[in-house]
Structures are given as structure tokens and as C-alpha cells.
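First subunit A sits with subunit B, and in the next complex the same chain sits with subunit C.
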Partner chain A sequence: MGKISRRDFLKTVGGAGLVASTIPSSFLIDLYALTPTRKLSQVEAWFYKKLPDKEIKCELCPRYCQLGDRERGYCGARENRNGIYYTLVYGKVCAAHIDPIEKKPFFHFLPGTTAFSIATAGCNVNCKFCQNWQISQVRPEQVENFDLPPRDVVRYCLKYRCPTIAYTYTEPVIFYEYMYDTSVKASKKGIRNVVVTGAHINPEPMKKLTEVVDAIKIDLKAFSEEFYKEYVRGELKPVLDAIKIVKESGKWLEIVYLVIPTLNDSPEEIRKMSKWIIKEVGPDVPVHFSRFHPMYLIKNLPPTPVSTLERARNIALEEGINYVYIGNVPGHKGESTYCPSCKNVVIKRFAYQILKNNLRKGKCKFCGQPIPGIWS
Partner chain B sequence: MGKSKVVMIKGKGALINNRINTKVISLMFKKGLSLLFDCNDFRDALNQLFSPSDRIGIKINTIAGRKLSTNPEISLTLANLLTRIGVRSGNIIIWDRTNDELRRAGYRLNFSGGGIKVFGTDTRRINYEFDLTIHKNIGSRFSRIQSRLVNKSISLAILKDHGIAGLTGVMKNYFGAIHNPNKYHDSNCNPYIAELYETYLIKNKNKLSILDGMIVQYHRGPSYHAQWAKKCELFIMSTDPVAADYIGWQFIEKLRKERGLPPLEEEKRMPYYIITAEKMGLGKANLNEIQLIEYEV
Partner chain C sequence: MNFLFPFLLGFTALSFQIFLMREFVAHYYGNEITYGLILAFWLLWGGIGSLIANKIKYSFSTFTLFYYSLIFFFPFSLIFLRYSRFIYKILPGEITGILPILITSLFLTLLICFPLGALFVLNVKFFKGKIALVYLMEALGSSIGGVLTYFLLIPFFSNWNSSLIIIGFVTICLFLLEKGKRKIYAVLLIPFILFLIFLDKPTQKHYWKPFNFIESKDTLYGKLSIIKTEEQLSLYDNGLLVYSYPDIINAEEAVHFALIQRPNAKSLLLIGGGIGGAIAQALKYKNLKIEYVELDPQIIKFSMKYLPEKEKKYLKGKRVKIYFRDGRAFLNNVKKKYDVIILNLPEPSTAQINRFYTYEFFKLVKQKLSKQGVFSFKVSSSENYINLPLQKLLSSLYFTLKKVFKNVEVVPGDTNIFIGSDAPVTLDYMELGKRIEKLQLNNMWVNSYTLFSRLMEERINSLYEKIKSKEAKINLDLVPISYFYNSILWATHFKGLESKILTFFSEIPKFWLLDFPLILFLIILFIIILLKRVRFYSYLLPVWLMGFTTISLELIIIIAFQVNFGYVYQKIALLFSAFMFGLFCGALLGKKIKKIISLNLIFIQFCFMVLTFIAWKFIEIKWAEIFPYIFLFLMGFLGGLLFVVANELFLKKEKNYGIGYALDLFGSFLGALTLSTILIPLIGLPLLTKYIFLANSFCFLFLIPFFRTQH
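Moving on to the complex of A and B:
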């Protein structure tokens, strides 16, 4: 197979691939040199149990897929071959960008820096409102993949001076082994690692992951089991458990709640969730209420009204959460960080840009109040 | 509406030393079709379903390798019978998800040559539709073979136990026609299998449903396990996919009972999707409403 041409590359990325409006052109040229591969990986997966008759039981996520020979897990990225469970996506990226860290979003983690962001195809849930379904709700062989082993991820990060690697876009849980190995390699070079996840994962792998990464952003998609069952095809409880595990680990945690009109936007639900956050992980965990846009299987609902997002933010603030943001509404005042003590703007944002940073050594420059986060 | 007719046709000597006897297979198809349509000649039966101008897909099942996949001799025999009513051989496609699975099941691929076509959805220039087909709980991209290349289809499925759904049958066979079957394994694949079948791209095109029971895996499916596989040398044929699956399910339960295995319901994998399909009006799943004809050639 020859090298991918510029024309073919652009055709590919138009569908699902390496879209990169923020990537320096020199970086794109580097990726042009990569040849798309049709070969998937065959690296033995972690967290599974061998059963009689060549069956296996995956223990990575709460689904506990039990599979016969040649069967795939719900994620589509792991396959039982002759009684051994393999990840098919180790080092096989379908998306790679350099993004502002604010895009993840992380608002209390190295503001104004970039993250080398990667994903492989597949996901262990099936959110009806998925924003990246073209790469998450597919099997890896159904998208164009590029070989990018952990050492090359680190190399690109160093070359383009990205202080952080973000495992994102699809669901990093399904490329756990790749994410873990890359994180270990990157840490040795002083590169930080952040995970953007729905956290539909079992406690043991979650704990192990917190040992090698620096921050985790968890999508809390609603605060009811019914919603998770109907619209996520997953469970809420394992996600809540994962949030607690991250907090207990001491690694940086932020929570995003995508507010979908009529489905998870009731004041009661928002208040219940806010109370839970205060009780279980404390008032200093940033919470982002993001605006929904019609997508994938939910196209019959309008984008979230800004007033609904503001109402959610107000409820969370009333309940005592200190850092509550509004996402996907560029220019809204809820994008900025306010000092909980003197109420001044500590970090002023517009979309993914930092307009002003009034932090001094992690403290509000006006009153000296410490602002929690990873700032340097 | 009258009863749904299902033919269970057995062919002694159809499978000898793991080799298919195409003469017996051909006889089984011919007799089965004739019984299904109450006619003396299989061509009269096929003419009620297909016309010479049709482009016909034969969706087979090749996930389990050579020992438990649709044998090439079987699907090719069926395809050849279709040519006998004037369907052009080049307008018949024997297909499944991937070329790799087809090869492993013993198929010789033929995408652009003359004669009957054999290829997978992952063939370059084929692939899945980019747009989703959305229907009830289904949101999937369809194989372009099913959506564009054929106007009628036959589900030629392997009759076997399935660890999650309970049964792999003619309806579930179409999981191989979409890009994301792994997303429909919750709650014993119910109601997903029925709802997928109900999509216009399948329900409107599927004209004939055949369960291949040369070897029936009645436990630990869908992969092959010799200790729970039995040579049965039969086909279950119907124009009602629900009725065909229902009879296939009962047959699996019978084999399980013979071997002292519990009913699928006890193992919490009863194929409820068949009942759901009946409730949706896709066919019959009740012996009182099925006319079962058993015959041996």
C-alpha cells in the first residue's frame, strides 16, 4: 500500500478522520506521511477471565461481556480469538488533533495549553446523543486507522511542545491498554496525561488508571438510572463509583453534564446531582453544564436553551459548588472562572481562548484565595 | 390470515464425512420449495418469489469458520437453482460481513468476474451506507449490498444456539447486514433483532428464509463445539421468518432435552425476540398458527 495522498487524506478526514483545524500545518504534513492501515492490532487485553470452551468474560466494564470464539464485545474493539481476548485498537488511532485543553474541557488544568488528543474507534456505551458517533459507534475496521504506537505519540508531543496527551473523542476505556502504556511512557518524559471519559468502567481498572494519569474528566450524562438505561445503554452507579475513585486517588477531576432539553434538565435532577457532588467529592470539583446539539439518534430536540443552562448553573451554585461553568455557548459569562471568595474573575475565557489570567501561583490575585487545580 | 407454512426437509446423506453431497442438497431445496408452495416444480415456487430481472442477495453466516458456517456448496446450489428461473448468475450475490470470514468459511471470492458473485461488505467500493437507518431502537448503517445492490434477498442462516440471543436464526442473520451488531446484545437482543428485521431494507426485501441445519449447534453457540453439535442434515424453509425461527428454536430445545440440557429459558437466554417479532406482526410464533410439514428426501 502506498503513502496516502493529500487528496485522499482530505477525503478521509472529511468523514471521520484526523480533522485538525488547530493543528499547525507542519504537523499535518507529518501525518500525511503515515500510511493508513487495514491491519488491526492483536494485543492481549487486560481485565478478562478465561472460561471453559474458549469463552471469555471481559471485566473491564460493567457489561461483563461473555463471548464465544470470534465474538466481539459490545465496544466492538475487543475480540475473543480462540479463547484469548485481544484489543484490536492498540496503537491504531482514528483521530489525532492538537486541541486547546479547554476543549476537553479542562478549565483547571494548565489553562491556555494544548493537548495532543487521540482516539481509537469504538465505545462501550451507545449514547443516543453521541457527538462523535462516526468514530465511536463503529468497529475499528470501519474507519481509517493509522499506526501510532505509544513511542510515536510521545515523539509528536515533544516535537510540537504539547505538555499533555488527551485520550478523548471516543471512549478511552476501550483502548485502555494503549492509553495506559502511552501514559507510562509519556510520564517519563514529563508529559501529562488526561482522560476524557464516560467512566463506564469497573473499579479495579479505574484505580489502576489513576496511578498513571494526571487528570480525568468524567461525562456524567444524567443523574438517573432510567436515563442511563434508555439513552446511554449503560448504568449510572458504576459512573458514580468511578467519580469517587478518581477523587480518592487525588488526581484532578472535572465533571461535565450535557444538558438535553426535556430528558435530563429538570431542576430536581440537577439539584440532586449537585447535592451528591458536594457530599461525595466536595465543592471544589468543577462542573460544566454543556449545551446539547441535535445529533446521531436524537435529532428531534432543539439545542439546549441558554436559560436552561443558566438555571442548572444557578442550582449548582446555590447548592455550594464553587466552580460551575456553561459550555458550548461562546462568550457566555459562565465560561469564566470566578473566585469563590471575592467573586472577581480569575480566568476570563472566550470559547477555548484565555483572555485574562488573574491567577498567581494558584491563588486569586485579588484576595489570595487558593483556586484548586493543576496550574503549572 | 391463514397459517404460516414451514417445511422441515431432511436429506439423508447430505453430509458425509463433513462433505456436502450437492445432489442431495439440490433435491432438498427443490422438494422443500415445492412443498412450501404446493407445486410440482421448484421453478413454479421460485417464480412466485422472484423474477428474472431481480438482483438477489443470499445472506449467509460465516462467523464461526469452516465447521459451522454456510457451506459454499449449499449457497451455490441455491444460487444455481435461482438461475433456472432465468435470474442472471451475475445478479446473484452470496455475501456476508467480511471477505476474511468468507475465505475462512471456504469461499472463493468473486467481485468483478463473471457468474455468481461472492464478496463481503468490507470490499473496497462497497462498505456500509454513510447515513444511519433509524427505526425504533435501531440506528445503523446498512451494508450497501443489502441497501443498493440487491432488490430481493434470502436469509440463509445457520441454525444454532447463541450465548446471548438464545438462537441464531434467519432474522438474527441480518445482524451481519449492519455496521454495529454489537450494540444490540442487551436483554437477549430483544427487541433489536425483531426491530432490525422490521426495517424496510430487510422486511421489504427478504422473500425466503432458510435455516441450514446440516450441523446444529444446540449449546455453547454461536461458535463451534463438537461435543454439542449434531449432524441433522436438514433445512427449515419458510416465507415467514418468524415461523422459521420459531420452529428452529423448538428444534434446538428438543436437541437440548435429548442431551439433558436445560431449556434456554432456564439459562436466561430464551429467544424472546421471536415472540416480540410475532407481536409486531412480522410472522407467527405459535404452533397453532404454523403448518409444519416434515419430509425426507
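Moving on to the complex of A and C:
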């Protein structure tokens, strides 16, 4: 092996962070070639209370972890050091990819564009069906991270010509400070920020977050506390509260409901949820019923039958929700957006691709009905 | 008539073991570690049972009580198995960590094996110390139990009904053996057994809740279950999802990535996984003739009962030929060449399946491919981040495939599809999209609408950076490293210690796995020689080693056999039977020897040394098919002989009936625990047999001084 590998070459040229901070964005090395770092961050966390005896209480999420010195929160990404609570994952990215925005999924947000998607390790819940368990169910030191301070995120985003940054894959709530700072920096450059979250978060931080990001997709994992307790190890109520907060803030909101056969697919549950959505956030919030594909611990469960998803979609439509989608069933008619007034196809989709866009300045081209969303 | 007692012991032990194992892997995730653990605990409790039974005061009623407890506990353990998931709050089909497997198997084997171990000693007491007779009859019982189970019960009855037949048989025997009024106990068991007949289906239905369980069928190879969710049908094989129907995404993923590389391919060989939509997808290529090899005919026959007409028509179509054979054996014998070969089997989680992911297998595939031919297989992966164990697994597969094919590409995503060929292959989504359009495949998932994001340059590069950047170990037939990586990956699903333990073993130098235990063994031998007073115990040392050696070589020979001749149920069953019949013959000869002297033992140990030497020298050679049968028979023969001879020598000095049997089982326990889980994948068969030979040679040398102290 005479040749040196690409990675070795980059190492000799200099650390990735150095390259990123001194050279304009077009000269940034490719994402996948970044050199991993062993160091975690030590940036003081937000939303915590100091208690006597160097104890702290985290108030970011409904778990309210109360921790002694040198203890970590449930998420594994925050640590009490000498009575000060730190985030260990500020700028420590473990996954960064470019995805179609439809994959997040956002259907009423810059259709046909890409999102620069990043995540750090850790999560504040523990879903048995997690798609990203290799990074969400571990501590940050158990994965390969690389340095990507907010400034570099913006640069990479520009380099790859993504109009949006998505905070996704794991639970962005656990890298709140990093997400917040990056959003502020990105907004200044005209980049949009979207959050893909389970919204297991307290009201105050949620409110603050809505001030700096443009859209939030919330995973409503079921509409029962039992399901949340058993399969998510979290609570439903804070999620519902968070949904209301996002709506009140006026920021764009979409809801995803991953339908797992027999666990959260009962018509009663779907109807109850639809009624709640209509009552609390109105009929214009898009709702996606996504097909469960066997993952992680329940890898051997059957995938969701398409008819179950169709039934759920029909219930939600019956209840008056205007934009109801079926996810992960490529080619299904439930992937497209229909005008609630004239019933024509406004945006025709196939999987992650936009086949036809009949929107004119945010309105249906056939009848002029405004379709809510962020379209440009 | 009394000889039936020890006969029943061997008979039930073997048949119960087979059925418990079959049921266990149908309910818990069955990888090599699971198999290793159950077998190990089985042997461990047997050993402990026989040690403790030595202290039990013998009476005829306690003696028979143990038989009754067996009859009661065995069906109980099967039922318990089906309900145990509720204790751990896991769903059917949920992947379980080592802890639930450990606790459940410890408990179940305790219920059955403790009485089994105790019964050996009680039998010896019943026969007033005639250990050779008991061992002989036990060996006969297990030989007959094995043959009966493998050839008469499993092929024709479900696990449940087979177990009841065995229990019924034991009950009848007990009725005959019991004295006078006590016969009533056996009669009382009849309603209990009749009641059990009706419990099979309801307990399975409970197990599958909240899913709608329709029917199950025990085949030669595993338990098939059909589950229905709405209009969707799902087939499970030993708790693993084989397919859901309809499930377009999986069906398309299975074949298109390989076929689209050669849009004009004329012939496809599909190894496994054709049912559930894959064949229908492949038939979209108009000129393609499909040969589909499936190991278990029941997968298709059983599915046919439930699949809609449309799907059945595809399978019966003119362009499709189905063969029921082991995929590897099929490839070995087939004369023609194919344009595309697709392997669509479960992941390499056991040594049995690992054979399809090795360098030798890939080479065989290449021989059966046309010049432009393409080979592909899939492994489930992780789209956004690849952790270290997954990286190791994927790397080992990548480099193994790359060693055989000039061009290898891997499709990123939650499933990685490996494509190898000596001619060019491409992952250019524009090109692939064009081909898909031109052929009018009308795919829902594998089409340009998804490929543009899945095959984005950045995605491909980040996958390649992970799997190509570091050299990895090649997966070989005799050093099946990939299944070990698969075990570590499984272990990382849980936040417990298991992944740390496995990673630890994968990183320590071979010295600690091989030389260190051998040196330790040597030191123990020396200590025994130095402590002259306990010398008579040393007669039993070869028994312990024999337990270890026989189970180890049994595992090794079975793996090597499957590599060479494929997995053929009857042959594997016959291999086990050959060993057990050997045990019986060995014990018979041992019983015939009039005056047993230590020279006998030394000679047998010498034979063991020679036999292990042969194993070492022959393991890498492709032998005639008859060889492993003869080998296992001889090993059984020597094992049985050694057990009888060593125990007779020992019992002359001390009347402790349990210890010899216990040591045999403890040796086997150690072998079962360490070999399949750690040593085979990490060390490989050739080196391992060498060290087994060395251990046996040391034992032989250790025995030589006894020749001089002849009585």
C-alpha cells in the first residue's frame, strides 16, 4: 500500500477544523472526510437550576433530572461538573447528511429543496422503534464525532447549496444550545432552520426555540400516555403542550404520526387525536401518517399495512383536517397535496420527488385558495 | 424390566433437549450465543444435579419422584417459554438482550436438567453401583431417543405433540415399572397429558398478542408462524420475519439493484427469500428465467395456503423453477452458469448461515457466473450513522467480496446491498433511473424518485469512508469472523454489559484465548502430580477433558460438514446419531472388560490423542462424505469407553457416583459455552483443533506415570 489514503492526506494537511475556519466555504473538505475528534465540548447548558451541595436540576425537558456532581442526565449529553451543568455535544456532530426536505418530512416547506441535516449523539426518550438508535441511544463518547461549530455548519450549508438546516436524526432538544446558536447564525445568512423533534421538552425552552427557527416537525408517537410510557419511556402531555406552543408562536408546524400495527393504530385513538388537533391547532396543520418499517428492537414486527394508514388518513380527513398525508408508501396518492377547496392536486409527489407544483404564490392555481406553508 | 430406568433417562434427556432448543429459538432471538448458552446451562445443571444427588438419601419413591417431576416440568417449561416475554415486557418479535435469554434458559434448564443429572446418580444407586450398566443403558436410551426424534417425530409432528408423545411413552413405562399401588401415580398423569393436548394453539395465540396469530407449523428447520395484520400476511421463521405480503419496498430491494446492473440478463439464481414478492419483481424483466433455491419446502407450501392467487401464479409461472435444497450444496453441484446470482438470506448470525458470506462461498458463486455476471446480497444497516460493530461487519463483508470480484459497490441506506462483478457495476442514479424507465419496470421504491437521494454522492462516500478505509478480517469458512461481528452488533442494541464483554474478547491477543488456558491446564496437571494424596481423583481428569473434547469436536465437525456438504437435515441428524451410537458401543465394550486396569485408561487417552490429531490434520481438507460419520462414531465410542473405564477405576477407591458424571458435563459445559460464542469465530477451526489435540496429548503424558503404579 504505497498510496496514502484520502484521510491520511487530509490529516497531514491539517485538522479539519482548521481547514474549515481559515478557507472559504467552497474549499471546505467533503463532509465524510472530516477527521473525528475525541474531545467533547464543555459549554454551560441552559435551563437548569443550581441546588445545594453542587447538585443541579435540569429544566430543559420533562424528566427534570436532578444530578449530583459528575453525573449525567438521562440524555447522556449533559453533565454536572462541580455544580455547573454543561452540554458535551456543542458543535460535536456525529451525523451530517444532505436530504430532501420531503424526507424529514416537511411537505409545506420549500418543496423540492434539500436540507443540510445534522445530529449529535443522545436522546431524552428511548423508543423501541428508533431508526437512529446507533446514535440516539448512546453517549457522545461512544460514537465518532467531528467538530462542526455553528459557523462551519453555515459554511457547509452554503457549500452544498442547501437553503435549510435541519436538526434531526436524534433528538435536537438535547443539543439545544448548539441548535439555537447555529439557527441564529444561519438566519443571518438567509438560511432557514427546521427542527425534527419528538418535542419531549418543557414550555419555556420550546417558546425560546420558536423565536429563532422557521419550522418544527413534531413526532406525535401515539395519542395515549400508556404508549408513551411503555414504548417511548416518556410522557404525552408535554408533547401536546409543545405542539400548542409552536402553533401559538406562528412558526410552521407539521405533525407526524408513525403508525405501528396494533400498538397505536386503533381508529378511536386516531379520531381522538384528530379532534384534538382540530380543536387546539386548527385544520391547517399537515398531519403525516407514516408507515412503520421494522427497526431497532422491534425489527421483526410486521410493517404497517397500507390499509391501516388509509383508514387513519380517512378518519383525519373526516374530522376536518385539511392536509393529511401517508408517508413511506411511495407512489401512494396520499403523498400529494390536494386543495381543500377545489380538490385538485396542488403538489404531486412521488416519494421524495416533486412531480408537479400547481402553487402560484402560495395559492392553488385552479381556484386561488391559499395553501398554508412556507413556499419560498 | 428395571433397565428401563436408565434407558428412560437417556431417552428423555436427548429428546427434551432437542425440543426445548427448537422451541427456545422460536421465541428468543437465536444467534450462536443463544445456542451456546442453552446448551451450556443444560450441561451445567446436569452436572450440579448429579453432584447434589450424591448426597440425597436413596429410596425408591424419591427415585421415581424425579421421573414424575420430569414429566411435569417439561410441558410446563414449554408453556413458560411462551409466556416469559411478558415478564420482560417485550413484544413478540422483539430482539432480546442477553439477560432475558440468560435468565430464561437458566431457569428452564434447571427445571429439566437438575432432575436429569440427579437421576443418573440415583440410577447408579438403584443398581447398587453398577455405573457401567447405567451409562450403557443411558447411552442406548439417548441413541434411540435421538433416532426416534430426528427421524420419526420431527418430520411428522409438531414440537408440542412430539413432546406429549414422549411424555406419554415415559408415563407408560413408569406404569410398568412402578410397584403395586404406586401404579396409580402414573394413571393420574393421563388426564394431565390429555389436557395438555389442547393448550398448544391458545398458548401460541397468547404469545403473539397483540398480533393476530393464524397458524404455525414446525418443520425440519424451524417453526413457521403466520400472522395477519389487516390485509397483510407475515411469515415468521423461528421468530424472525421472513416476509410480509404485500411489502413492495422489501420485494423491490431484494432483486432490482442487482438485476438493473444487467438489464438483458437471461438467467437468475435466487438463493432464498423468493417468496413474498421478490419473484414477482424479478419477472418484470421480460427475458429472465429464474431458478429459486429454498432450503425449507414448507416455507413455500405453508405460504401457499394463505397467499393470494396472483402471487401463487408468479411462483408457478413458466419462467420460474424452484429447487428445495441447501443453497450452497446446490451451487456445488450445478453445472450451468448464471447472469445474476442473488443471495437473499438472513444475516450471518450463526455459523450455519455464515457459510453464505465467506470467501470460499463467494469464489464458488463466481465460478457459476457468466463473464459479465453479477452477484449481490443484502445486510441490514443504518442509514445515518454506522457504529463500530456494524462497521466491522460491513468491512469484513466488503473486503471478503472484494477479494473475489474486481468491482464491488454497496448501496447505502437502512439496508446495504452489496454488488460484486468482474465487469463494471454502477450506482449512478441517473443511469439506473434511465434503465428502470427504459424497461418500464414501474417500480414504486427502487426508482429515480428515491434513488436520487439514496445514491447521493455524499451518502455513498460517507458509507465507503466507513467500510473501506480500514483493512478488515476476511470471513472464511473455517474462521467465520462475520458472525461474531454480527453478535457484537446485536449486543450493542442493549445498554448492558454484553457488548463490552464481546468487544473485550475481540480485542485481546490470541495468547489469552489459546495458550493461556492450555498453560493453566498444564499447571493443574502438575499440581495433581505433586499432591500425591489425591491421586485417585486424577482418574477423572480425562473424563473432564473428554467432555470438553467431544462437544467441541462435535460442533467443529458439524460446521465443517455444512461447509462442504450443505445443511441437509437428515445428514446432520445422522451425524448426531452416529456419535450417540458410538457412545453406546463404547460403553458396551467398557462393560465387557473383565478387569479394568489403568493401562486401559492410558490406552484410551492415547487413542483420543490420535483422534484429535486426525481432526487437526484433516480439518482443512475436503474429505469424503463418509469420514465425519466414522469420526463422530469413533469419538463417541472412545468417549463412552473412557467414561466407563475411568469411573470404574475411580469407584474402586471411592464410592462417589456423581462426580465422574458431573465432571463429564462440566467439561462439556465449558466447551459449549466458549466454542461457538467466542473461540470458533475468533480463532477458527484449524487452530482450535490443534490446541484440543495438544490438551489431549498433555493429558496422555500425564497419565503415563500411572502405568508404573500398577496395582
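Convention: the second predicted complex is superposed on the first by the 344 of 376 C-alpha atoms of A that agree within 3 Å, B and C clash if a C-alpha of one lies under 4 Å from a C-alpha of the other, contacts with A are read in each partner's own complex, and residues count from 1 in each chain.
Everything that follows uses one rule, which is that contacts are C-beta pairs under 8 Å (C-beta built on N, C-alpha and C of every residue); 3 or more make two chains touch, one makes a residue touch a chain.
Note that this is a predicted model, so its numbers are computed, not measured.
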Fit or clash - subunit C, subunit B, common subunit A: clash
Partner chain in contact with A:Leu297 - subunit B first, subunit C second, else both or neither: both
First (subunit B), second (subunit C), both or neither touched by A:Ala95: second
Contacts of A:Lys208 with subunit B and subunit C, given as first, second, both or neither: neither
Per-residue contact with subunit A, leading partner among subunit C and subunit B: C
Partner chain(s) touched by A:Lys237 [first = subunit B, second = subunit C, both, neither]: neither
Partner chain in contact with A:Arg70 - subunit B first, subunit C second, else both or neither: first
First (subunit B), second (subunit C), both or neither touched by A:Arg360: neither
Touching partner for A:Ile135 - first (subunit B), second (subunit C), both, neither: second
3-11, 21-29, 93-101 or 111-119: stretch of subunit C that collides with subunit B: 93-101
Contact residues of subunit A, present in both the subunit B and the subunit C interface: 128, 137-138, 142, 296-297
Touching residues on subunit B, where the partner in the complex is subunit A: 63-65, 98, 122, 127-128, 130, 132, 134, 139, 163-164, 179-180, 182-183, 185-186, 220-225
Residues of subunit A touching subunit C in the complex: 5, 7, 30-33, 94-95, 97-100, 103, 119, 128, 131-135, 137-138, 142-143, 160, 169, 230, 261-263, 293-308, 328, 330-331, 350-353
Residue numbers on subunit C that touch subunit A, as the complex places them: 89-91, 93-95, 210-211, 227, 229-232, 234, 236, 239-241, 244, 246-249, 380, 382-387, 390, 414, 444-445, 447-450, 452-453, 456, 458-459, 461-462, 464-465, 469, 492-493, 495
Residues of subunit A touching subunit B in the complex: 15, 53-55, 65-76, 126, 128, 137-139, 141-142, 233, 296-297
